[in-house]
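Below are two complexes that have subunit A in common, paired first with subunit B and then with subunit C.
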Partner chain A sequence: MKRLSSSVDAAPGRSPRQAIPFLLPALVVLAALVLYPLVFSLIRSFFDATGDEFVGLSNYVNTFTDKRTLIAFRNNVIWVVVAPAAVTGLGLIFAVLTERIRWATAFRLVLFMPMAISLFASGIIFRLVYEEAPNQGVVNAVMVGVHDVFSPSSQYPNARPRSGYTQTEAGFAADAPAQAGDVIMLPLVGVNAQQVPAQALPASTPQAGAGELRGVVWLDVSLNGNAGKIDGIERGLPGIAVEAVRDGQVVARTTTGDDGRFTFPDLARGEVVVRLPLSNFELPFRGLTWLGESLITPVIISCWIWIMTGFAITFIAAGLSAIPRDALEAARVDGATEWQVFRRVTVPLLSPVLLVVFVTLVINVLKIFELVFVIAPGSAQEEANVLALQMWQVSFGTGGDQGAGSALAVILFLLVAPAMLFNIRRFRRERS
Partner chain B sequence: MTLVAEEVRIEVPVSGSPRRGVLSRVFGRLGNGFMQLFLAVVAVFWLVPVFGLLIASLRDEQANTASGWWTIFTKPAELTLRNYAELVANQAVWQSFLNTFYIAVPATVLVVVMASLASYALSWIEFPGRETLTVVVVGLLVMPIQVALIPVAKLFGAFGLFGTITGVVLFHVAFGLPFAIFLLRNFFAGIPRDLIEAARMDGATEWVIFKRVVLPVAKPAIASLTIFQFLWVWNDLLVALVFADQDSAPITVALRAQLRQFGTNIDVLATGAFLSMIVPLAVFLVFQKYFVQGVLAGSTK
Partner chain C sequence: MKKQWIALLALTAVAGSGACTGGAAGSGEDLKGQTIEVVGPWTGDEQKSFEKVLAAFKAKTGAEVKYTPAGDELPTVLQTRISGGTPPNVGMVAQPGLVAQFAKAGALKPVSAEVEQAVTRHNAAVWKQFGSVDGKLYGFTFKTANKSAFWYSEKAFQQIGATPPATWDDLVKTSRSVAETGLAAVSVGGADGWTLTDWFENVYLRTAGPDNYDKLAKHEIPWTDPTVRKALEELAKLWGEQTLVAGGPLQTEFPKSVINVFGESPTAAMVFGADFAASVITKNTKAKVGEDAKFFPFPSVAGSKDAVVAGGDTAVQFKDDKATTELMKFLASPESGEVWAGLGGFLSPNKDIKSSAYPDEVTQDLARRIVDAGDNVRFDMSDLAPAAFGGTKGAGEWKDLQDFLADPKNVDGIMARLETNAAKAYVK
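Take a look at the complex of A and B:
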């Protein structure tokens, strides 16, 4: 190995043979585990599931007709169209906004942190965030909280009158009409005793009053008492809306008190129908089924945005600090507004950096696997499917078809091939 | 992104230059306060999901099924380390945690060693095809690992490596090398020629130049690569899912089986996920400068 330095004519190392020991370990591994597999997958994709029979292009044809794979394709398109652009945009905004903030480094560090943890852990984090039960998932908890402020949920879900009432679209309407002077007895069933509010008082039959329609709504327990009669321990149900309807029009509205009683004073002569609006008995709002079929892909994309935004910010901020100040100042001196400076100077000067960020994110998105695997529950996984996941499932999961799996792998390779060329061209340009 | 490695390697964004920000001028001082508030809200927004998982991991199963983690503010007494104690006492989980080290450490060391050697040859030894080889490495940067899963599974099967830690490590090494070589080659190529030539004139062999001249100078780049590669392997799920068996599974794969009953399993999953995050988070906080540089140079992977 030892050589006399016979020449001073620069040039890196002089003997090609000396490169061998340096290169050999890496080359052997790359050749055996990356290049050979690439060729093998290509060939394998033309053979059937067992690998015995040459089937031409039929694995590819099947891939493009298989429903699951087509959903995966569709989702990959959604991902590529939405996610990288969103993250690049957010990255640009935050990079610019943090430019002059003293704690910019801390801010970027916080947003960068998700890059350090595994996609698997991020998936679990967001599975918990979007968990459907509002007492577990924070998103639905917030939604329910906000919803209940603006429209309080009913206290008596699923309750209904014992008998004598017919359910319509508007509510439970009495079969028999009533008029001023009557007393309406309205026993409800289907209420869990624990749901009765604490302020509820024992129910009692109101006195009939002239010119007034009175009544009482109570929780009728038939187990130890008489159905349809007020027994000693039974309590009135507070807060129930009651309507008086005449000819299809609501003429009066009231709400029961703590003892379950209600009164319609000043009812004009004539018969009315007493009705309990359905809003009394609605199921409480429980938020959205985030992890169901319809929302699963947006949910997973939001997790990816959470992970990648910090990366985009840091990358773009590096580019931003390389923009010559003179260019910005010159534009300002010429009277450009800040927005014009941003649009006409900053963004164009940054565009090479933005392109690199964007391409990097697209490559990342095409290979997305873990997030879908972890966040989508089994029932929604088909709807959330992406190519990388489908490839795993077809070859190693339930499928066991390595011909089809190889075809999918080759398709993935072809999809990232443009990025490969992009990288190589850029690399060549930078060296020259 | 790989491609701008040279530009960004060292100057990771540190703000504080007195130059006027683009939008900040518009807002003036009042707006600036408003913007800071907005950014603070965004930062909190980013932290809440992780915080929620942390709290969930510190409450027992009953508490987690009964109410959300945010109720901890009214019931701090619910905090307990029991989940962690149980998880660590679970032989399979503890083994998988150790496996993650057994996989990540050799996969990192091998990549750093092999890539340093190869990068030295690619930047300082002249040989035919050097240019082509470098371009091939750049091309391989974005290679999806999916293309290798099936063939390598067969290969490992034939050599008895399927389901072993060695197999998982080898696969990680193979797919870590292109980026590692790319990063180090860029750095090595930037070392002043005089330094290398002076050593050659003194009669140093390539090996000595590599060891005495190049490696000491390249410490920052090697640190970035080491941290990036370690976290990359530590955080892997897919490779181990295919190539590891029950005894060699890292923690991500071991936890995966628990995913099915998520709602009732939060205590186990949150704790497991956090256990798996402790190492990356610690590495990130301690070496964040190097990690950020590594990611900036190579998240094309």
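Take a look at the complex of A and C:
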């Protein structure tokens, strides 16, 4: 027995000649699939687009002076700083919380499910989730729903007087002043006939008595060139606020009736300006432009968090189950609160696992590609760009400059390498 | 198997009946046993249609033709195949720049004299230029796209009693009347950059004329030229009025911009788009092309003549064996085009394809306008430009015009940016 074990021990170190045949297949595969592409990319990055001319470091210089690439760099930094930490944190919270509940496995399974969907499909899902039109994008639908409960939208969004009125911050003010005894004709456009409330009555021209100012607001349809005149079928617009302004002060305020008429009964002498406050015409709240330039990166990160949290939970939960129970119980017996147990016992004991998860996520984040490619619309892609996407675009998208693309690939490799080395050393130490 | 043969024969009979006028009809040589390959961008329905064209060729000559669809990655596929030493016999290339690149690299074979004759006979002279590099003809446009069409909702136009506008100023006027009904006038698919380059190209071709168009396409005049300013200012007349453009254009992709006009709850009355907007309408909405959805040609700006911006797939040959040459001859003849024309979703610059070969009036009209514009047809400028400038998502001309759509007042700033980006891209 003893002799056998010693001969097994001796074999690996002492007879390299014997080892070679066993290692050779793996080495060939490794060299062909990993080493050769790596070295070739490095060499290729010193040549120009055609691959014929040696250009030294100029591909690298161009990379660091190109605005698009710099934005990609910046975004990668944002990703690395925000995303892995958020996912590890969420994973930790969910793993610890789900440990205590009865349906823990089912719960984790649900959270893990996004991992089973391809990144590409997830991207398409989130593209729809963040769609701007509230009738398509669920996020904006919720936002609009909540918003409208607290402040309902105006009745005639986007409507405006046909002419003779100037838009100011307060509303549409008449260019010409009016006074008591005048009749104001106020044709509005920009309203769909179907939007007019059912109670609206046909419009007609009012008669003003002495000392009062009357007017009518109606939906003016310019069919057959009858613009600016009431032509029988046109209806008044009810519920529009009208103000009379004198020297910048609102002196009277009223609302149009079902036939679109309004009256300012006791206007003192002097001229007033009739004004329609903008609140009549405010555009309805449509939510945020999630896929626009300013929010696109947070939106894509949120999608990635949704996908990867399940991954973190699985690993952390596995680590959690390996923690010696007696350490936790000893702390509890000593009177530690749950929070203290979490802070002082669970997290320190878990820290090796957390670190591995975190570093793995960093590597994953650095090569993020599909989500950005799918979620960002063309108009926002420059703002959302990341190195991996930029590498692909430079190499294959825009006239195929694979020299510059290789340079980006090498840079990306150099960025990922420290994290890789860290993980490898960690594994090795654990084994020893 | 037998049934398929009969179907094929029947198809050829139909195709053949139209071919007699073509002149380039096959010589009936037997190429049985030979296999050649075509690489093209078409997938899905288009692939099926093109395979019917190839089936007609097989029935005629006996040569087996394999079609390899490459989709949007066609340039990469072809480049890889060429550097790998196994190019296909025939390629269908959408970018004239790529044709030139392949020709200069010596990968292409010039077309045979017979094909050249056929191209000259069946097309306006300008089309020959599109396929020529350094005076030699390397290919011809097999399938084209009419990128000078405005699609409008008949219902929305009826509501205000509008008729299709013939001039740009009329278009702006009509747009304002549409806006009075609470509907936006145009839906712009600004999330895709190419839709915006098509807008610009159509206006520029009309305001600056074909000669300047050619110069700008080669970057012989800068993007800071007064002609560019004029075109951008004309565009701003429409894009600059908030009520005329449907909301969120920069987040709207082309298909959605079409659905905005013809879908369940329309938000706009018109959409500018190429002929293939028709297939979006048919597939995604209940509107009927020709009844609910009609088109008018891009209006004349400041009294300009009829002109069409076209795109298209150029057939080029990488080999010059007999079967390949025969196939090129077949593709250049009206016979092949008529096969696909009958199946729909196809336009050809070939003036000898009978109008009746196209399946409906709208398609006939779209095709006729390309043929009628004669030498005033110009190839899509962004396809002529280096891809870094005219064909990259979120960069170059695409991005600059998107910025212009966001802020149409900033004509000077956009011109400067366009010129900077163009200068960088054209040097390479």
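Here is the rule we use: the second predicted complex is superposed on the first by the 300 of 432 C-alpha atoms of A that agree within 3 Å, B and C clash if a C-alpha of one lies under 4 Å from a C-alpha of the other, contacts with A are read in each partner's own complex, and residues count from 1 in each chain.
By our rule, contacts are C-beta pairs under 8 Å (C-beta built on N, C-alpha and C of every residue); 3 or more make two chains touch, one makes a residue touch a chain.
Predicted model only: the values in this text are computed from it and were never measured.
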Legend entry - Which superposed partner A:Phe40 touches (first subunit B, second subunit C, both, neither): first
Inset, instruction - In the overlay, answer first, second, both or neither for which of subunit B and subunit C A:Ala49 touches. - result: second
Inset, instruction - Report for A:Ala133: first if it touches subunit B alone, second if subunit C alone, otherwise both or neither. - result: both
Inset, instruction - Identify the partner contact of A:Thr289: answer first if only subunit B is touched, second if only subunit C is, both if each is, neither if none is. - result: second
Inset, instruction - Once the structures are superposed on A, label A:Arg68 by its partner contacts, choosing first (subunit B), second (subunit C), both or neither. - result: second
Inset, instruction - For A:Val29, decide between first (touching subunit B), second (touching subunit C), both and neither. - result: first
Inset, instruction - Quick one: classify A:Gly378 as touching subunit B (first), subunit C (second), both or neither. - result: both
Inset, instruction - On the superposed three-chain arrangement, identify whether subunit B or subunit C touches more subunit A residues. - result: B
Inset, instruction - Answer with first, second, both or neither: which of subunit B and subunit C does A:Phe396 touch in the superposed model? - result: both
Legend entry - Touching partner for A:Gly190 - first (subunit B), second (subunit C), both, neither: second
Legend entry - Doubly contacted subunit A residues - partners subunit C and subunit B: 131, 133, 135, 377-378, 396
Legend entry - Residues of subunit A touching subunit B in the complex: 1-5, 8, 10-16, 18-19, 21-23, 25-27, 29-30, 32-34, 36-38, 40-41, 44, 94-102, 104-121, 124-129, 131, 133-138, 141, 306, 310-311, 314-315, 317-322, 325, 328, 337-339, 341-342, 346, 353, 356-357, 359-360, 363-364, 366-367, 369-370, 373-374, 377-378, 388, 391-392, 395-396, 402, 405-406, 408-410, 412-413, 416, 419-420, 423-424, 426-428, 430
Legend entry - Touch list for subunit A against partner subunit C, complex: 49, 68, 131-133, 135, 158-160, 162, 189-193, 195, 220-224, 286, 289, 291-292, 376-383, 385, 393, 396-401
Inset, instruction - Mind listing the subunit C positions that touch subunit A in their complex? - result: 73, 75-76, 79, 160-161, 177, 179-183, 190-193, 243, 247-248, 250-251, 253, 265, 386-388, 391-395, 398-399, 402, 428
